[in-house]
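Look at the two complexes coming up: chain A is in both, with chain B in one and chain C in the other.
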Partner chain A sequence: MESFIATGLIGISLGTQYTLLALGFTLIFGILGVVNFAHGGFYVMGGYVAYYCNVILGLPYPFAVLMAMLSMAALGWLFEAFILERVIEDHQATLMVTMGFYLVMATAILMIFGAESPQFPFPVTGVWRLGGIYFPYANMIVLGACLAAIVFVYWLVYRTNIGRGMRAMSEDLPVASALGMRTKALFPFAFALATGLAGGTGALVTPILALAPHVGDSVLAFSFLTVILGGLGSVTGATCAAFIVGLIEAYAAVYLGGSKGALTLFALVLIILVVRPQGLLGREVRRS
Partner chain B sequence: MTLGLGRLVCGSLIASAGLVGAVSACELKIGVPAVLSGPAAQWGIALRGATEFVAKETMEEKRLVINGVACTVSVKSIDSKYSAEGAASATSALAAEGIKVIIGPVGSPEVTGFKPVATRNRMVAMVNSFAKNSIGPEWPTVFHIGPGPSGWAAPIIDVGLQRYKFKTAAIVAPNDQGGTDIASVNADIFKQRGVTVTEEYYQRGTTNFAPIVTRIMASNAEALDLASSPAGDAGIIVKQIRQAGFTGPIFRLGGPGTDEIARVAGGLDILKDFLWYEPVYMDDNMRALEQKYEKLMGSVRPENSDFFRWTFAARMMIKAIQAAGTIDNAEKIAAAMRTLPVEDEHIGKGYWIGQKFFGINQEMSYPFAIGVIQGGVKQPLIRAEAVSEK
Partner chain C sequence: MNNRVPKSVPAEIRASLFSGHDWIALAIVSLTFVIPFTSTNPQVLSQTNLILIAATAALGVYIMQRLDLMSFAVPSFMAIGGYTVALLSMKLQLTDVFVLAAAAFLMPALCAIPLGALILRLKGVYFVLVTFVLTEIVQLLLFEAGPITGGSNGLVGMPAVKIFGMELWDNPHVLLTTCGLAFFSFIITSVFTRWFRSEFAAIETNDVLAESLGLAAWKYKAMAFSVAAGVSGLAGFALVNMLLTAHPSSFAPMSSVNYITYTIVGGKASILGTLIGALLLVSATDYFALSGEMSPGLFGLLIIVVTMVARGGVVGVVSGLLYRLAGQSPSLKNGDHDLGGNGEKGQ
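What follows is the complex of A and B.
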């Protein structure tokens, strides 16, 4: 029973991290119609910005996380406004541009920081224990921060005019534009919001796992898997799918083993997509 | 007319001189398929650093002289990405450049992908990998830089059993040949000593090991072996299993990388009780080699101590090329290598082994060391003699 509860905590932890990543990924697809292959790159770079601020410059960790979010948001804004915007109508070009940008980011990190993992410890150590159940304080803090960020994104998307504008563009871009929604401002904003979330997640998660130039690859894979499962473009779908993926990953890995866990996860997602190709909460046809 | 004839003669002379120069030039290009990205990058960096060092050393000290001409030696490194396809692709690219002499690759999946391409392109190579088929009679021009856990895991486990009491152990490794081959060999050695073993495998690319840690904790293992998990992965596993309350000794019966494991895990205190295979026993000779590297290359040597084994391997290859008198005939170089004694100016004498385990006597065996961290404090290395089949 104890390991069942401990596994549930692991699954929820993973789910919140995947939610933050998947929300950004799905926002970009829903609003811009772009599959952002550079998403993992913003996650890793966010981790390195936080590492640089916290370990190299000696700034407080919360400030380092904030810097990671802001710098990745700024980078995302610039990337969308000056590069992606030029090819936004061409889906194949956007794939190539985002993939190319990821390679540029990964190589830049490799050149600046090297291939080896730096020591980037979470400032809070210690573990909460109750019998055989344990939960590191660092994971608790990250869980809380991720939940707060998820609430913020929901508030922004569903309770503010900017969010309404973004959702309107996601629903029907030509009509939203005709009604005065400014794509020139909202596209970069949506992109910056997504990359800021990815950077913040990187800053929060890499100290409790590991920071290395390659860790964005698996992040991209899981973000992609999550939003496909939830339904591309669906914010609520991505959130539900992220928790499903996190919990399946954790329970399958614990009760079936590391290798079989991954197999179970991918097999289950495959079955869901065969039965429901549009994902859990996605629409059958994207109109914009 | 006279002027025209003179120009013709002069032109011919210049062309002939150029031709003679081209024929007598000796330019050895060494190919290095090395993992330079991902969690195993530290191993590839050591391989590349060692080969570049030996190339420079060879030129500076004129160690390779063929037909009276001192050879230039250059190194071409390509990221083999710790995968069979990455290594095959890197080796094909090296073959396309006409490279015949290879140092590397590092990992078992890489060596698996490398060998067919290298054999097809008639290359001679010094590979690593702890796989059960790293070398073999099917690949007569492929040599091994040193034994895997079958050669050195037993004495390390014995040291562990002397210092700590445990009757059960868990082994965690990636679920590909780079993990399963090593974990199964380690498991057999643990079992021979009366230790009950459970094996846990994970998908390469996993970043959160909490579920695997939960499984290990549920198995009530009293000791853990990280086997050949890349240093980056191993660091996360150590960090998470110590957080989960695991207090037993941790073995690292795979490639070296303790410094990186400690860095990722959060320091020596987290490693606490840790034993590992160290490729060399650090003594004055090894320190002299480090200083030589610093002097020649202008920087400290690559952190991973596999640097030393790759240095000995690359030097051995240079000696074989010198003995063969050719820089591009793989068979001749391999034949020459087999006749040379295993010996290096810094580590001393070793043995050719491999007949018993691989069916071919093409594995270099030098003295090695056992590393121990006890109570979070690094202990002096324990010297172990070279494995011999005699």
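What follows is the complex of A and C.
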């Protein structure tokens, strides 16, 4: 029973991490209609920026996380404004440029930091114990930071004018534009918000999991799983789905072993895509 | 009910089965048959092998692009074709190249039929996502189904294939096998995409409208998906035959990005584009071999540049220039330049 609860806690912790990744991914799809193949790249690069600031420059870890978020948000802004914006009307072209940008990012990381996985330990060690339940402090801190970020995103999206503008554009872009929403400003902002979240998640999570140039591939795959399960473009759906994915992954890893958990998830998502493409909480199929 | 639309297609256009680009592509692939007989340089043989395998695999992307569908499923079907060949040759001692080629084409093509029935209702990003997920599942299955696929060790020690009882075991003969498979794949793809070009063009332009006008879009989509799977399977055969091993890493999900890149950079509007894309990019990878880790970044840059400034890819740009030099105004949209048999658009 204690093992079951401890696994559940790990699952919830994973769920919060996937939520942050999926929120960025789903915001970009919902508002811009773009499937961002570079999302995993922003995650990895955020991890490396934090590693550089914290380990190489010796800056405090919270500052390193902040730097990772800001630098990835800036990079995302520039990418959207100067590259993605020019092909935004063509869904295949947006896929291609985000895919190309991911390859450029992964290669840049490889050239700068090398193929070896660097030592990037989480600054806090130790384990919280309650009876037979163990939960590392690092996971607790990441859980708290991720929950705070999720609350911030929800506040931004549902309680501010910028958020209302973004939601209006995701509902009906032509009407929102006609009513004065400035797509030229809001599109890069939404993209920067999403990539900033990805960078921040990378900075928080890679010290616990792994930091290597190509971990973005699996991050991309799990982001896909989460947003498809929740419904592309649905913020609440992505949040619910992230916790489902996190819990299934944690329990499958403990009770099934190997890659059966991932296989189960992928098969589940394939079925959902086929029978209900709009996902669990998506309202309609958007043809981007 | 006859759902094809032959009445709208003039007989003379239907008769010109291959376009100019098709003929050029077939001629280039035919010329590669000379290499095994004239060169013993392992570098040349290996490079030609890689280019032909890449071009054959990219045909799977090209076929689905005729329907405005971006497929990431090529490595899945390559794996099915490759593992089928490995299992037949290792477990059943079937080594005849014709039997193996038939199996490598038919097995993925047959698997694609029920899969297609499920996923071809999707389009746009949903189709992209479902094919990506499918490739991930196949990759995981290759690892999990250890008793059949050898798991993470793969299937090692394939016997050499035979043609009329003669073993094709050394490098030139392996290349000869690849040339044959590539030529067969290009012929199939050319005939298939040109024969149904008006139907595919209708579906690519507006599948809902095409369906409302009586075209059974699902039928053409299913056929295209199945043929694309079969051609990918032949590429898988060529790959495992070259490596003499069927291993999951040869069919990694992200390798689909390479095949898409060959198609887009070369020019997605014609079959020649996939060949030119593979030729240029596989050669470029080899050229930059000293700093091999740079090649994905180079691919990425090329993808971005071509997508932004030359949607027609290399072939589209060159065709456009030739039109201008010839003083013609093809008035084609980006990416649709095709010199064609009579200079017509590949429609």
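In this section, the second predicted complex is superposed on the first by the 280 of 288 C-alpha atoms of A that agree within 3 Å, B and C clash if a C-alpha of one lies under 4 Å from a C-alpha of the other, contacts with A are read in each partner's own complex, and residues count from 1 in each chain.
As a convention for this text, a residue touches a chain if its C-beta (ideal position, glycine included) is under 8 Å from a C-beta of that chain, and two chains touch if they have at least 3 such contacts.
Keep in mind that this is a model prediction, so the values were computed, not measured.
Student: Using the superposition on chain A, decide if chain B and chain C clash or fit.
Tutor: Pair status: clash.
Student: Determine, under the contact definition given at the top, whether A:250 touches first (chain B), second (chain C), both, or neither.
Tutor: First partner only, chain B.
Student: With both complexes overlaid on chain A, does A:181 touch chain B (first), chain C (second), both or neither?
Tutor: A:181: touches no partner chain.
Student: Could you say whether A:10 touches chain B, chain C, both of them, or neither, answering first, second, both or neither?
Tutor: It touches chain B, and chain C stays clear.
Student: According to the stated criteria, A:217 is in contact with first (chain B), second (chain C), both, or neither; which is it?
Tutor: Both partners, chain B and chain C.
Student: For A:274, select first, second, both or neither according to whether it touches chain B, chain C, the two together, or no partner.
Tutor: After superposing on A, A:274 lies in contact with chain C but is clear of chain B.
Student: One more residue to check, A:70. First (chain B), second (chain C), both or neither?
Tutor: Touch status of A:70: no partner.
Student: So in the superposed three-chain picture, is A:209 touching just chain B, just chain C, both, or none of them (first/second/both/neither)?
Tutor: Touch status of A:209: first partner only.
Student: May I ask you to decide whether A:110 touches chain B, chain C, both, or neither, giving the answer as first, second, both or neither?
Tutor: In the superposition, A:110 touches chain B and chain C alike.
Student: Does the superposition put A:100 against chain B (first), chain C (second), both, or neither?
Tutor: second
Student: Kindly point out the stretch of chain C, out of 56-64, 182-190, 236-244 or 326-334, that overlaps with chain B after superposition on chain A.
Tutor: 236-244
Student: Residue by residue on chain A, keep only those touching chain B in one complex and chain C in the other, then list them.
Tutor: 110, 115, 217, 221, 258-259, 262
Student: Taking the touch rule as given, give the residues of chain B at its contact with chain A in the complex, in rising order.
Tutor: These residues of chain B touch chain A: 36-39, 41-42, 44-45, 175, 200-203, 205-208, 210-212, 214-215, 217-218, 231-232, 235-236, 243-245, 260, 263-264, 266-267, 303.
Student: Going by the contact rule at the top, pick out the chain C residues touching chain A in the complex.
Tutor: Going by the criterion above, the answer is residues 68, 70, 118-119, 121-126, 128-130, 132-134, 136-137, 140-141, 143-144, 253-254, 257, 260, 264, 293-294, 296-304, 307-308, 311.
Student: Mind pulling up the chain A residues that touch chain C in the complex?
Tutor: Of all residues in chain A, those touching chain C are 29, 35, 83, 86-87, 91-93, 95-97, 99-108, 110-111, 115, 217, 221, 224-225, 228, 232, 258-260, 262-263, 266-267, 269-270, 273-274, 277, 285, 287-288.
Student: Considering only the defined contacts, which chain A positions touch chain B in the complex?
Tutor: It comes out as residues 3, 6-7, 10, 13-14, 110, 115-119, 121, 125, 127, 129, 132, 134, 136, 209-210, 212-215, 217-219, 221, 249-250, 253-254, 257-259, 261-262.
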